[in-house]
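Two complexes follow with subunit A in common, the first pairing it with subunit B and the second with subunit C.
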Partner chain A sequence: MQRSPSSYPLMWRVMDALEAAFAAIWPKGGGKYTPYLMLTPAIVLVGTLVVGLLYIGDSSLRTLDKSTFQFSEFWTLENYVRAFSEPFIFTVVWRSLMGAVIVTIVTLMLAFPYAYVMVRTPNAFLRKFLLIALFLPFFIGQVVRAYGWLIILGNQGIVNDVLGLVGVEPLRLLFNYPAVLFGLVQYMLPFAVLMLAPALTAIPEEIEAAAGSLGASWVETMTHVVLPMAKPGLIGAGLVVLTLSLTDFAMPAILGGGTQDFIANAIYDQFFRTSDQGFGATLALLLIALGSMLVGVVFAVFGAGTLALDGSQK
Partner chain B sequence: MNTHSIPAVSASNVEMQFPGLLAVKDANFELDNGRFLTILGPSGSGKTTLLRMIAGFLKPTRGEIFIKGKEVSAVAPNKRSVGMVFQKLALFPHMTAAQNVAFPLKMRRFDAKKIPARVSEFLNLVRLDGLEDRRMNELSGGQQQRVAIARALVFEPDLLLLDEPLAALDRKLREEMQLEFRRIQKELGVTTINVTHDQREALVVSDQIIVMDHGEIQQDASPTQMYRTPHNPFVANFIGVTNLFVGQLAAVSGEAVDVTIGALTLSGILRSSPETAVLGAQVRCAVRAEQIRISAALDALGELDAAFQGTVKDVIFEGERLLYELSIPELGDDPVRIFHHDQNDFATHDVGETVHIGWMNRDMHIFVAP
Partner chain C sequence: MNRPRSQQIVYWSLVILTLLTLSAPTFVVLGASFTSGNIIQFPPDGFSLKWYAAIIGEQNLRDAFGRSLIVATICVLVSLPTGTLAGIALSKFRIRGANAIQIYLLLPFTIPLIGSGIGLMLAFGDAGILGNLWPIGIATAVINLPFMIWAVSSSAVGLDPDLELAAQSCGAGPVQTFFSVTLPAVAPGVITGSLLMFILSLNEFLVSLLLVDARIVTLPVQIYNSIRSIITPDLAAVSVVFIVVAMLAIAALDKLVGLEIFLKSK
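And now, the complex of A and B:
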């Protein structure tokens, strides 16, 4: 049956026009080079990052002369020696690392039930409510949210006001390690839930029913069936939370009040307070190495295949 | 069979009311130990809902279900002794075949030392020996079916439930698995309830069939009874291909009744209850496509109680048989469908040809319209 082109859906006509335009610019259609052409923007972007990294690598090998405020002419490993010998840096790295691990564990423990209820509830209203509650924080930046916690947890904040009503002396809820971790967990939760939800949706409800009929209690179904099957989602979400927490800047800066610096804060101080670009670059490279090592360890323990990156899994 | 023994499963006045939908209405049935029951019905007939209530995934809104004489409405699925093979099998992809089969034994706290022997015994039963360590994605569709069966049976449940597990298989494999189910069921003597929309499967595997439609049990009978004496036009039409004619009741003498269809008077067997058989009542007359004989010459048909002449409208070749669609104006506007099986006589009738058909009175089932 013949149809006039004007009766085709709008989308088809738009696509046809784009194809015609592309053919006019590139008459042969690019042939086998088209896929590479489409890769170019991404390669340029990543390439720029590599160039920046090379500059940082160069800076990390030059020390700052405190009297002349000039960088050394020759490469030296002095910054690296300093990074590994200064107790303050060790404290900051250890604090960041432990913080990231604790935040990851707590976030996954909170995100899993949230995602599970969101995916499994038969109540459409509850599901929508959970989804909106999840997305709302994304519209509010991290810094604004951190300031929100200042208002809520401050000495004259809402929490201390309520505690005051029942006669409790104002508690110091801010500018300590737990406050930073608390802020980070709250910031990471939506990321973790969003990464877990598709993994849980992929587990058929029938599998849980089957486990029940085979004699598994609810808890046994969770531990023997749902959690192992959700492993790729848990690892993916865990990696995202781990790396984002390890490199976070705003939460330690605002909720830590300068007493709870993470690595990113230390790097910021070197670049913008002491203007020691060389030492800052060294710390930045150490942070990259630390993050890469963590990801490497996760892959080594669980295998890259668990992330469903391995095509043969499908 | 001992009539005093407690049935393996029984349902009394079971009802399932979903918001805005009465999925199962007043279901009553009994199933004896070691028997194979098939619940047969089209999609949306409530057959899966009934099965899920027996499994314990749904709690009936009314009525009681007994397994081995014990009322189970308030018993959770994992506390019932019921093995189930699911529609999509629901095998655990992160476990091997042997781990899948061992799962119910671990969950039901079997003696850990005896588990490996039991697992290999049941993998042997379903002929999967040698594939113990395969993951589910390394097994074929038929092999996955076998793991699912072994997993549902390994803890020796009182009852095996099959929720259309064969629906997704191709025809050849499906027929093979039907016989496999039958073999295993006979070998273990486990009471089984199977749900399907495939009438052929129901006839092949079952000792007892329940036909459901719109949430109601239409008939509960053995396969031969179901086929020979359908209780209503739905059952007659759902099992096999059946021609239905509309007529009026003209005379009743016990089971044998006369009906008028237009200007014709025909005789058949009454399948509705006798008290509904009021003279002049509207009836539906059912004759199966395979019980009508067809020939170019009338005398080649042999002895018949009713004979007609018709014109061939369509011929459909189905391999082992031919399906004719005939126009016979005296019997109404719908084409009359006839299966022709005769392997010795491949003389086919062409479209437009005039042919003779006929059937015996005992093959015409009469149902009084409700």
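And now, the complex of A and C:
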């Protein structure tokens, strides 16, 4: 069918209809509500988490009657008293906290040079290679990565094969604390590098050259110029790594083999092994509180870093 | 800039150590999946594709992968419009209480995953919707939503408000302005965010573990359940599925927006 040159294109008709529909449902002068309306779906979606927190709060105030397996009708703080008096909880919390601190330090020590070389190299090919090597594990997921470590560290794994060549008896490298921490470091590296890299990009290379031309050695340039300027990025990356490793479930479960439980594993066990939903909910709320306290302490000591929402950086 | 030799040695040894740590599991899983033996080992015992043939025949693995794809698709369908609108609103408008809204929208990151997962499990359980796949899709959208918002808002900063005014003075209505000017300007952010959401949802383990029952396990949960019993090479072959998807996603991300976007300082 020959269309006359003056025919009105279909796309325009659709657009006209959409504009008319929009004008019909949108009150005149409603412009000032636009941003709030655009934010509404996101606020509702995140609201499901708030509802979930209310459920956790309610459960945490009910105790389990071990004879009837019913939860109490009334609210009580008994679960909280128990959480602070059970020795095994203390062990698990201490193990998670120490683990998170060690993982954070090691991860930052490895991530900083990686990010630095990635940002500073003039070689575009090398930069791309380092980026791909970073994104590949990031996109593969924790379970598959932990599975890889099982193959590497297992009794018939590569490390023990190599040790066998030089006559060392097979070592038990899995299901212990170092294995969990090692897995966590590997899991956290992409997060840390991706948070550090923009902070390093923001430091002009000329400043380093200037320090060098004034006689600073590279170590002095690092400690007196680059590290202080990268502090916001280091704090941001450190906080993310600290809170993510403190609350991790998969690495302690898979590489710890049930003997190296972190807080998240203890919570899971309360729900699915002991079926004590109330106590599990109490531990979950205390974990959220512990995480927030850590963030608060770091903010108070080091400043808000790149996580500052108002853009002001100390 | 010329670097002293000692600095190069220190940096490069740390970079190589990091590269090895990052890449070792991937290559080992890849290698082990091609073994012709019946136990998992590396270096593999001979070369064969028999474990790939085996996983194609395994109904439960195929189903689990299909379910993971459905969950990831629902996650993107929910988070793409939600996160795009929120990201544009946060970066384009002066909003009263913007700080409070930002803190609220960061809740998915500040609440530990185990807390979010347990909370959603209790809430969804009470609503009687556990046992379906779509609540898992919504859950993965919620816990990763800040990634989507961040991706869109960081690309919306470059959006020139004059362009929207120009479109309007040329006679475009608000709907056409949005689709012809605003949306194309933030397209790199929308693409980056959607890819991240898809991959993170496909890989999501803990929240899936809490929300599935035995009939609807997703692939990461299936792998987790299997490595707790016996480790057979077919698991390595299944894991390679994740590696291939990750490689495709990286290639797409690099082609569409360039990986270097992640190095930019704000």
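Just so it is clear, the second predicted complex is superposed on the first by the 275 of 314 C-alpha atoms of A that agree within 3 Å, B and C clash if a C-alpha of one lies under 4 Å from a C-alpha of the other, contacts with A are read in each partner's own complex, and residues count from 1 in each chain.
FYI, contacts are C-beta pairs under 8 Å (C-beta built on N, C-alpha and C of every residue); 3 or more make two chains touch, one makes a residue touch a chain.
Note that the structure is predicted; figures quoted are calculated from it, not measured.
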item	value
Clash-or-fit label for the pair subunit B, subunit C on subunit A	fit
Subunit B versus subunit C as contact partner of A:F279, first or second or both or neither	neither
Touched partner set for A:Y187, first subunit B, second subunit C, both or neither	neither
Subunit B versus subunit C as contact partner of A:L18, first or second or both or neither	second
Partner chain(s) touched by A:P204 [first = subunit B, second = subunit C, both, neither]	first
First, second, both or neither for A:M229, with subunit B first and subunit C second	first
Touching partner for A:L287 - first (subunit B), second (subunit C), both, neither	second
Subunit B versus subunit C as contact partner of A:S213, first or second or both or neither	first
Per-residue contact with subunit A, leading partner among subunit C and subunit B	C
Shortest CA-CA distance in Å separating subunit B from subunit C in the superposed model	6
On subunit A, positions contacted by subunit B and by subunit C	209, 217
Complex interface listing, subunit C residues touching subunit A	1, 3-4, 6-7, 10-12, 14-15, 17-19, 21-26, 28-29, 32, 39-43, 78-79, 81-83, 85-86, 88-90, 92-93, 95, 99, 101-105, 107-108, 110-116, 118-123, 126, 138-139, 141-143, 145, 149, 173-176, 199, 202-206, 210, 220, 223-224, 227-228, 231, 235-236, 239, 242-243, 245-247, 249-250, 253-254, 259-260, 262-266
Complex contact set, residues of subunit A against subunit B	204, 206-207, 209-217, 220, 224-225, 228-229, 231, 313
Residue ranges of subunit A touching subunit C (in the complex, touch as defined)	15, 18-19, 22-23, 26, 34-36, 38-39, 41-43, 45-46, 48-53, 55-56, 59, 109-111, 113-114, 116-120, 127-128, 130-137, 139-152, 156-158, 185-186, 189-190, 194, 197-199, 201-202, 205, 208-209, 217-219, 243, 246-247, 249-250, 253-254, 263-264, 267-268, 271, 277, 280-281, 284-285, 287-288, 291-292, 295, 309-310
Subunit A partner contacts - residues on subunit B that touch it in the complex	55-57, 76-78, 80, 82-84, 86-88, 90-94, 103-104, 107-108, 137, 151-152, 155
